[in-house]
Amino acid sequence: MHAQQMISTHPHVRGNTNDVLIRCIEACFDCEQSCIACADACLGEDMVQELTQCIRLNLDCADTCRAAGSMATRRTGSNEVALRTMLEACGLACRICGDECERHAQQHQHCAICAQTCRQCEQLCQEAAQSKTGSQQQH
Amino acid sequence: MHAQQMISTHPHVRGNTNDVLIRCIEACFDCEQSCIACADACLGEDMVQELTQCIRLNLDCADTCRAAGSMATRRTGSNEVALRTMLEACGLACRICGDECERHAQQHQHCAICAQTCRQCEQLCQEAAQSKTGSQQQH
Amino acid sequence: MHAQQMISTHPHVRGNTNDVLIRCIEACFDCEQSCIACADACLGEDMVQELTQCIRLNLDCADTCRAAGSMATRRTGSNEVALRTMLEACGLACRICGDECERHAQQHQHCAICAQTCRQCEQLCQEAAQSKTGSQQQH
Amino acid sequence: MHAQQMISTHPHVRGNTNDVLIRCIEACFDCEQSCIACADACLGEDMVQELTQCIRLNLDCADTCRAAGSMATRRTGSNEVALRTMLEACGLACRICGDECERHAQQHQHCAICAQTCRQCEQLCQEAAQSKTGSQQQH
């Protein structure tokens, strides 16, 4: 992904990037795609009936990741409190989804991989929420 | 919108609907559209330079509304804590966006209307977050 | 929804609205919500194994509706060819999803309602694609 | 991103992946993020008044990329015609957005980078649309 390049060339950032936030953005888009994929892979399993909770959590997690990744991308103006709250909501959805995927990790490799991407996104959302999420230079 | 009809026919709901949650879902999709429209209308104003913070908040608000509206729509299984947290994050983004739109309401009618849809969505997100958001009948 | 009010107050539109496009926007957001709800209701059915194709088409349809509804909302500048192509892609996804939902309409009321919202959205996407989708007054 | 790992472990794919489709999925999520970032960076420029068309195309492109990337991720069941049409619509939106970004590439580095991600996504959408986009093994 080009998140680092895109954000470091923003007129209010000018190279002075919040690196944990950038890694968090990439993790959000990665986790969104993994969760859409895991929901769909679970849907294709013969035992889909036993994976409906996993599918539901995957889709919820994908929705929060998309919102968090998009909000965190914006550096014009400021929306720090809302962004921090969104990052926390996303970290929570990732944790719950990762826990559920973990339960099916032995049986389904897509759940094992998705659990990992959820863990990484959870971790980075928490770190980013505690970092200085505002743009470095206000106009 | 058909949110009421769709959710009342869900196999785990069977008519036993959470009406404030349904009104919240409709408010989320309405507010998402209003915020996308307001961001674009602000972008078309001659004084766009003075509306950049409003545009940014509009786009952030649209993202949270979409995530909250989609999550709140799902009634299979359960994700109550994550949903409640997402509804709170959305209510907050709506409040901040509504406050900013309010500042331009005298000059721009799109901001005045958008401020109203943000207020309504904020209110319903708060009420829904305090309601029983889980599906009524677990399998 | 407030699509009519929001778009009629856009600085480049100023009341001179494309009404079929506005009804199309509302249909897209309505259909997105219905399809997310139908996917989730199908997931909650005991016979979910037989509804996996319906769930997949629902989720695909929701994605196209969201993209079409968002693009059609924007009236600043111009992106007519891309918008028309997106409306056609959305109409097609709605038709395919509506056909599948129709097959389950006798057994599942959520599929019957979703088939209707898909039909309406398909129809309006086609009409809107043939209408003048550009903003009426270019800067 | 983990698109390759996620899709190769899907029960209907089982390692028999369409590699151009996977690269297309990654390009769609990358281009979505770049376009959200470029819209926001343009919004932060002093000359924002001259970049409103670029912002509009960026947001439209981000919407189509998200829809195409999500649809292309699903491998359960089949929706080949709709997927191919969506990939074509996305390729078109990317081409139009890339052309506009190109015009500002000398002045704004974010536009130069975004033009590249649009080009890559356009190319991969076209290639993927011509590839076998259906899941390899139908149930």
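Think of it as A, B, C and D in the order they're written, each chain with its own count starting at 1.
Here is the rule we go by: contacts are C-beta pairs under 8 Å (C-beta built on N, C-alpha and C of every residue); 3 or more make two chains touch, one makes a residue touch a chain.
A quick note: this is a predicted structure, and the numbers were derived from the prediction, not measured.
J.: Among the listed pairs C-D, A-D or B-D, choose the one whose interface is a repeat of B-C, with over half of the contact pairs the same by residue number.
T.: Answer for B-C: the repeating interface is A-D.
J.: Hey, which pair has more contacts between C-betas, A-C or A-D?
T.: A-D is joined by more C-beta pairs in contact.
J.: Roughly how many whole angstrom separate the Cα centroids of chain A and chain C?
T.: Chain A and chain C have C-alpha centres separated by 27 Å.
J.: Rounded to a whole Å, what is the gap between the Cα centroids of chain A and chain D?
T.: 18
J.: Touching two or more other chains, which residues of chain C qualify?
T.: 40, 43-44, 46, 52, 55-56, 59, 66, 70, 74, 76-77, 139
J.: Show me the residue ranges of chain B that touch chain A in the complex, using the header's touch definition.
T.: Residue positions touching the partner: 52-53, 55-57, 59-60, 63-64, 66-67, 70-71, 74, 76-79, 81-83, 85-86, 88-89, 92-93, 96.
J.: Could you please specify the touching residues of chain B with respect to chain C in the complex?
T.: 1-3, 5-7, 9-12, 25-26, 29-30, 32-34, 36-38, 40-41, 43-46, 66, 69-70, 73-77, 108-110, 113-114, 116-117, 135, 139
J.: In the complex, go through chain A and note every residue touching chain C.
T.: Touching chain C from chain A are residues 40, 43-44, 46, 48-49, 52, 55-56, 59.
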